[in-house]
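Please see the structure below; I have some questions.
Every chain is named by a letter (A, B, C, D, E and F) in the order it is written, and numbering of its residues begins at 1.
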Amino acid sequence: MKLAVFKSDYKTGGDIVDRLSAEKLGIIFVGNGIYHASVKDGGAADPIFQKNANFYVLAEDLEIRGFNASQVPANVKVVTYDDVVDLMFNDYEKIVWV
Amino acid sequence: MGKLTIGSFPGLVGSLSLDFSVKLAEAAVRKGHSVDFWVSSNGTMLSKKGQRAFKDYPYLAKTIEELFKTGKFQACACEACAEARGYHKEDTMDGWIRKSMDWYLASCFSADRVLLIGGE
Amino acid sequence: MIKKLAFIVRSLPYKNEATRLALTHAIASQTVEIYLEDGDNVEPFLALVGDGVLCGLKNQSNKCYGITTMEQHITNALLLDLNVYYCKEDLERFGISEDQLVMDAESLGGDMKASIVPFSEIQAAMEAADHLQIF
Amino acid sequence: MGKLTIGSFPGLVGSLSLDFSVKLAEAAVRKGHSVDFWVSSNGTMLSKKGQRAFKDYPYLAKTIEELFKTGKFQACACEACAEARGYHKEDTMDGWIRKSMDWYLASCFSADRVLLIGGE
Amino acid sequence: MKLAVFKSDYKTGGDIVDRLSAEKLGIIFVGNGIYHASVKDGGAADPIFQKNANFYVLAEDLEIRGFNASQVPANVKVVTYDDVVDLMFNDYEKIVWV
Amino acid sequence: MIKKLAFIVRSLPYKNEATRLALTHAIASQTVEIYLEDGDNVEPFLALVGDGVLCGLKNQSNKCYGITTMEQHITNALLLDLNVYYCKEDLERFGISEDQLVMDAESLGGDMKASIVPFSEIQAAMEAADHLQIF
């Protein structure tokens, strides 16, 4: 399946994301999930990036928290609300919120 | 163009997750899709008439009003969830439907995409 | 046409309404036909995974808080012939055995039994579903 | 006998944390203490008039009514938080005060114990 | 100080509880915090019990989740709402909710 | 008499209202005197610890959501001469330096500066406080 996962929290939900698998998997960081893409706790890369997935982060949710596009890793694509709609309709078929 | 059904549980003001679901609905309608918007649990607060704008609070009622005008958006609040919280029919903002949860499931039936925002 | 809807419960009960609403929304499939054409319907299934398996423990008491328990909701779901899966790996992780769980609604005259299955079967059910929802 | 000030933010029905704070207030009054009960954020839902009892939902409005009768309990809802959510003065259950946050701080000043339930 | 900590969640808040210290520290498990005292994730004892503290668990919050007093470790005292009020007024001076 | 009130912010911003309300409640100390006798007052301090330090980052934009940011609230608190502490160990953990944080309200004419202190100093302030509140 083509599965998009909205990761909306930073501290919880990792257990369920860990076990989700899909032929095509997208992980979209929104809400406090954006910290996965913008801070390094203890200097280490976030374990979520070990998933074989396409990574996205919502620009608007970065910006309200004081970050901008230049601060996220190169493997994370910065997207807008409009882009998210296109991802949902064009790139993925099933969508979950964690 | 497709149909997106959004189910949203988080409460008004307290959580930006509800804001997310409203902004997403707005973007989907802007892109030409139609959106069914279902609120249950504390999300039913969004259907309350008479919300006031403050600098500290997102004012989503306004966006919902604009969305209704597009004709590509319908919003429905869980009736029992609303009643439990003391929001009766007369407390409901114009444009909102109030139904049981089967309305949401029927909307999922004909949806191309479903997004359920469950936890807070 | 039948549309399959997955209700994945991954949260602890009672902290917020999410797990309760997973059950009540799934059960609402009993009355959805009023909105649909003849022959159309939805078919929900419930999967309790991660911490969500703790929602299925027996002996939940509503004495203090006076609300329907998750135990009662799962029993109702089984009484109404919904498929309920518990994730085997998570039960093992918590050391929970089958006799500690709501596995049927026999006491109310129901026939349906819940299943304890490896996550791979839940994953397969998710792949077969038309829409997924995580609570 | 002492005075307990409770501040509670979580929303009605959605969270048993609000139930906890009400049950704790009840126990404190039963033990002879006096209780000031402050609700802010989604907690202001507790002050809404006309809540209905359902089997699936805790019905805290009843307990609050009983607590008011004891004379050892006062409850105050954050006015701006309530207004933002569309609860106006006329939507408020009998017995409740509506004030700004300084009411809560003043209550803390004279409290022997303070419990703030902040997160959800 | 004499500090009572209501631990109301199972998955979060450990970081703040870790660093709180007090001459007399009480940790009262309420809400989903009761899982600290009633389940063993992976068979291991919960790390919170490494704190030098008095532990309590609210009976009513155990019971709604399907547990009873006989299932909690011997070092955790099962208390009622009335007991909690007494703890707050008689045994501790400052109270926090995590 | 002065009562010292601790406002400990340990949560991430925006997920719920808790961190915002920590600030607005602390700031409400400016008007509490109307309820108190002459000479009585409350003295709040704010401590950002754990993930809460992330509330103090500069450049928070309210363009999309249209609400007051945590940055604005902390600036206001400093403008009103509230004590604001950031936990040094947590800033180090996240690799956040002083220049990335709201440290003063100079742009609005305020004199007060925030402090970056080891947790032990925050602990000492908690011990000296009459009441503690964690957000």
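We adopt the following convention: a contact is a pair of C-beta atoms (placed from the backbone, for glycine too) under 8 Å apart; a residue touches a chain by one contact, two chains touch by 3 or more.
Computed from a predicted model, the values in this text were never measured in an experiment.
**Student:** Suppose you hop from chain B to any chain it touches, then on again the same way; how many hops at least until you reach chain D?
**Tutor:** So the least number of steps between the two chains is 1.
**Student:** Which chains does chain C share as contact partners with chain D?
**Tutor:** A chain counts here if it touches both chain C and chain D, which gives B, E.
**Student:** Could you compare the number of C-beta pairs in contact for C-E with that for E-F and name the larger?
**Tutor:** Ranking C-E and E-F by C-beta contacts puts C-E first.
**Student:** Would you mind pulling out the distance in Å between where the CA atoms of chain A average out and where those of chain E do?
**Tutor:** 34
**Student:** Mind checking the centre-to-centre distance between chain B and chain C? Centres are C-alpha means, answer in whole Å.
**Tutor:** For chain B versus chain C, the centre distance works out to 25 Å.
**Student:** Any idea how many Å lie between the Cα centroids of chain A and chain F?
**Tutor:** 29
**Student:** Of all residues in chain E, which are in touch with two or more distinct other chains?
**Tutor:** 9, 11, 31, 60, 64, 95-97
**Student:** In chain C, what residues contact two or more other chains?
**Tutor:** 14-17, 24, 51, 64-65, 131-134, in rising order.
**Student:** Find every residue in chain B that makes contact with two or more other chains and list them.
**Tutor:** 9, 13-17, 23, 41-42, 56-57, 113-114, 116, 118-120
**Student:** Write out all the pairs of touching chains, ordered by chain label.
**Tutor:** Listed in label order, the chain pairs in contact are A-B, A-C, A-E, A-F, B-C, B-D, B-F, C-D, C-E, D-E, D-F, E-F.
**Student:** Mind listing the chain C positions that touch chain E in their complex?
**Tutor:** 12-15, 51, 54, 57-65, 69, 71, 93-95
**Student:** Write out the stretch or stretches of chain B touching chain F in their complex.
**Tutor:** Contact set of chain B toward chain F: 13-17, 19, 23, 55-59, 120.
**Student:** Spell out the part of chain C that touches chain B in their complex, as residue ranges.
**Tutor:** For chain C paired with chain B, touching residues are 3, 5, 11, 16-18, 21-22, 24-25, 28-32, 34-36, 40-42, 44, 131-135.
**Student:** Could you list, by residue number, the parts of chain E that touch chain C in their complex?
**Tutor:** Touching chain C: residues 9-11, 31-32, 35, 39-43, 60, 63-68 of chain E.
**Student:** In the complex formed with chain A, which residues of chain E make contact?
**Tutor:** 11-12
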